[in-house]
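Structure first, commentary second.
In order of appearance the chains are A, B, C, D, E and F, and numbering begins at 1 in each one.
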Amino acid sequence: MSETKKFLYVNRKAPYGTIYALESLEVVLIGAAFEQDVSLAFLDDGVFQLTRGQDTAGIGIKNFSNTFRALGDYDVTKLFVERESLDERGLTEADLQAITYEDENDDWAEKPSIRVVSRAEMADIMASQDVVLSF
Amino acid sequence: MKIGVVVSEGPYTHQAADTAYHFVKAALDNGHEVPRVFFYHDGVNVSTRLSVPPQDERHIQNNWTALAKDKGIDLVVCIAAAQRRGLLDENEAKRQGKDASNIAEGFRISGLGQLIEMGIQTDRLVMFGD
Amino acid sequence: MSTLHTVNKSPFGNGALQSCLKHCKPGDAVLLIEDGVYGAIAGSALAAEVRAGLSDVALYVLEGDVKARGIDAGKILGEVKSVGYGGFVDLVTSHDRTQAWL
Amino acid sequence: MSETKKFLYVNRKAPYGTIYALESLEVVLIGAAFEQDVSLAFLDDGVFQLTRGQDTAGIGIKNFSNTFRALGDYDVTKLFVERESLDERGLTEADLQAITYEDENDDWAEKPSIRVVSRAEMADIMASQDVVLSF
Amino acid sequence: MSTLHTVNKSPFGNGALQSCLKHCKPGDAVLLIEDGVYGAIAGSALAAEVRAGLSDVALYVLEGDVKARGIDAGKILGEVKSVGYGGFVDLVTSHDRTQAWL
Amino acid sequence: MKIGVVVSEGPYTHQAADTAYHFVKAALDNGHEVPRVFFYHDGVNVSTRLSVPPQDERHIQNNWTALAKDKGIDLVVCIAAAQRRGLLDENEAKRQGKDASNIAEGFRISGLGQLIEMGIQTDRLVMFGD
């Protein structure tokens, strides 16, 4: 398959209460092997997936939040987070995990994968995709 | 006190079956009785014995089976909800001409009357769903 | 005669908490569980509305669900009390009925 | 079982999009045989369950709205509908089916089963129950 | 380059339609399916908000879902177009991508 | 055009599997191709062959099996999602040491790569879920 398409994974649901966040991440990890142009969008309750300090010991469910930090190793480096969604939920970028990747085109400099964007920018990102998968 | 519990959503997809499990364990630890847990709607999917979750995840169905065995809880799966969704015990499978059954040990299939009866016979009823 | 209400959904995408608060009676308690715990975040766009709904109604969160979601204790509304599963059981038995806002 | 308890079935979801409305009705029908004091509450999207003129031929799902009209035969005669929920959805009582029962204490006079109540009255109804089942 | 958005939840209990409308671009279309069709009711508390979100965005409903729910054609917002499953397919192929607001 | 379809919720509980079915039929009637339908999340529950709905209700699983046979559609069930939820074909059942399988004719279990591949190889992708 030589064709490269722009894939967007849209995450609008919180983690743990339902499985969508985890199973979305499983698609992203498998999808990385296909060498498409991948972006992740976090908006509405989806922004809760990225909070730092998640500790699931008390609910007996596996904590998968560390996996987001491994995405850079899979060349998944574009995680767009909607600012308005953060604001409404009383969150700032400081409440999110630091997620980084090493830029092979810039002497492997460590760069942030999370990019906080406005709602208008998020709409533009959505409108520029070939395939949109919603979770 | 006697506390009845209803689980209305399927395993892994919703947290309901997990929260209910921890709630029931705590109720028993606090000296209360949980005579029955009723599985309705997609909750019937908790009763499958064919589930194979990843090794590093909790095994929801096995946890319920073990708790029921250990504490003598009646795990009732609604028959009407189960039939729609493809959960059958051996008798039902035979009766419906199906070549397999999939209900786990510790669960039994019965009617909705068991839910009403639980509401009548317990002091409190707590529902976990979506 | 009082009721324990449980809410398990985030109030930012779902109306269950808002509807619950509108149907509470003085002396009732609301316990936020699972994704419902997001309703206890201070500084959110809904915090004022949640607070306004709490006259004579006690608000609780399930501790395990708060920690799982990485919500810092300092980010929770001041009037909220935190309970474990055992505390959940105590709330069930100390109120006359439980109503789940599914 | 000689004890009689007050059972309330709370319906907050629309029909057909999900199965909760149908499976709630199945509980009500079975529960009727237990001769408890039964009430049904319709609020939020649950009020949509009672609209008149439902025709499911186009979606291939069984239309169960007629079953509500049979509830009187099962001695289920108290269907409380919240006025504020109707208002928010642009509905009036005229948009709902007529559901009646024959009152055995009043020479079998035909009476309406649906009672539109205010949100405050609905809260009072909820607070007067022994068992509340939510769908 | 335009998008077909699908919304399948009632906007009275869930925020999907509102979020969808805030992310539409001029030339996009929104198709309400399943419980989403309740978003097209005129005279509801949300009708004005839905209408305001429709500048340069076309709103469609899936006819079978409208009829199933007993919504009278006269109760649907004037700007809404009704399509069958075939019309749904046409909307998918005539836009560059489909985004489901699940 | 080639249209790929994803079903993300279980049968009867959500309308998603019904709407997807009517959509796929209409797409084929209009001369389009639907090479594959991918079942993910609770959508994997559509693939059970043990479902026994009431006689006066549609049989969602049978409808899909018949449509796939008639039109040559590849119905793929995500293996990871299926294992968690207790949906196994004969091979998987053997491999996992389970005494029964429950996948219906016309469905095959495979990996998430099939979803990505569908996204790459089709002109449009449509998701039905909750």
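Here are a few things to note about the model shown:
We adopt the following convention: contacts are C-beta pairs under 8 Å (C-beta built on N, C-alpha and C of every residue); 3 or more make two chains touch, one makes a residue touch a chain.
Keep in mind that what you see is a predicted model, and the values were worked out from it rather than measured.
Each step here moves to a touching chain, and the least such steps from subunit A to subunit D number 2. Comparing the centres of all chains, each the average of its CA atoms, the largest separation from subunit B belongs to E. Because subunit B and subunit F carry the same sequence, their contact can be compared by residue number, and over half of the numbers here are used by both. Seen from the C-alpha centroid of subunit F, the farthest chain centroid is that of C.
Subunit B and subunit F, compared by their mean Cα positions, are separated by 26 Å. Chain centres here are Cα averages; for subunit A and subunit B they lie 35 Å apart. Shown for subunit F are the residues in touch with two or more other chains, namely 12-13, 15, 19, 22, 41, 57, 80, 125, 127, 129-130. With touch defined as above, residues shared between interfaces to two or more other chains in subunit A number as follows: 12, 16-19, 44, 59, 61, 131-132, 134.
The residues of subunit C that reach two or more other chains are 8-9, 12-13, 15-16, 34-35, 64, 84, 97-98, 100, 102, listed in rising order.
By the definition of touch given earlier, these chain pairs are in contact: A-B, A-C, A-E, A-F, B-C, B-D, B-F, C-D, C-E, D-E, D-F, E-F.
On the subunit D side of its complex with subunit B, the touching residues are 1, 3, 5, 7, 19-20, 23, 26-27, 30-31, 33-34, 36, 131-134. Remark: subunit B residues 10-13, 41-42, 45, 48-54, 57, 61, 80, 83-88, 92-93, 96, 98, 100-102 touch subunit F in the complex. In the complex of the two chains, the subunit F residues touching subunit E come out as 1, 3, 8, 15-16, 19, 22-23, 25-27, 29-30, 32, 123-130.
Residues 1-3, 15-16, 19, 22-25, 28, 97-102 of subunit C are the ones touching subunit D in the complex. In the complex of the two chains, the subunit C residues touching subunit E come out as 12-16.
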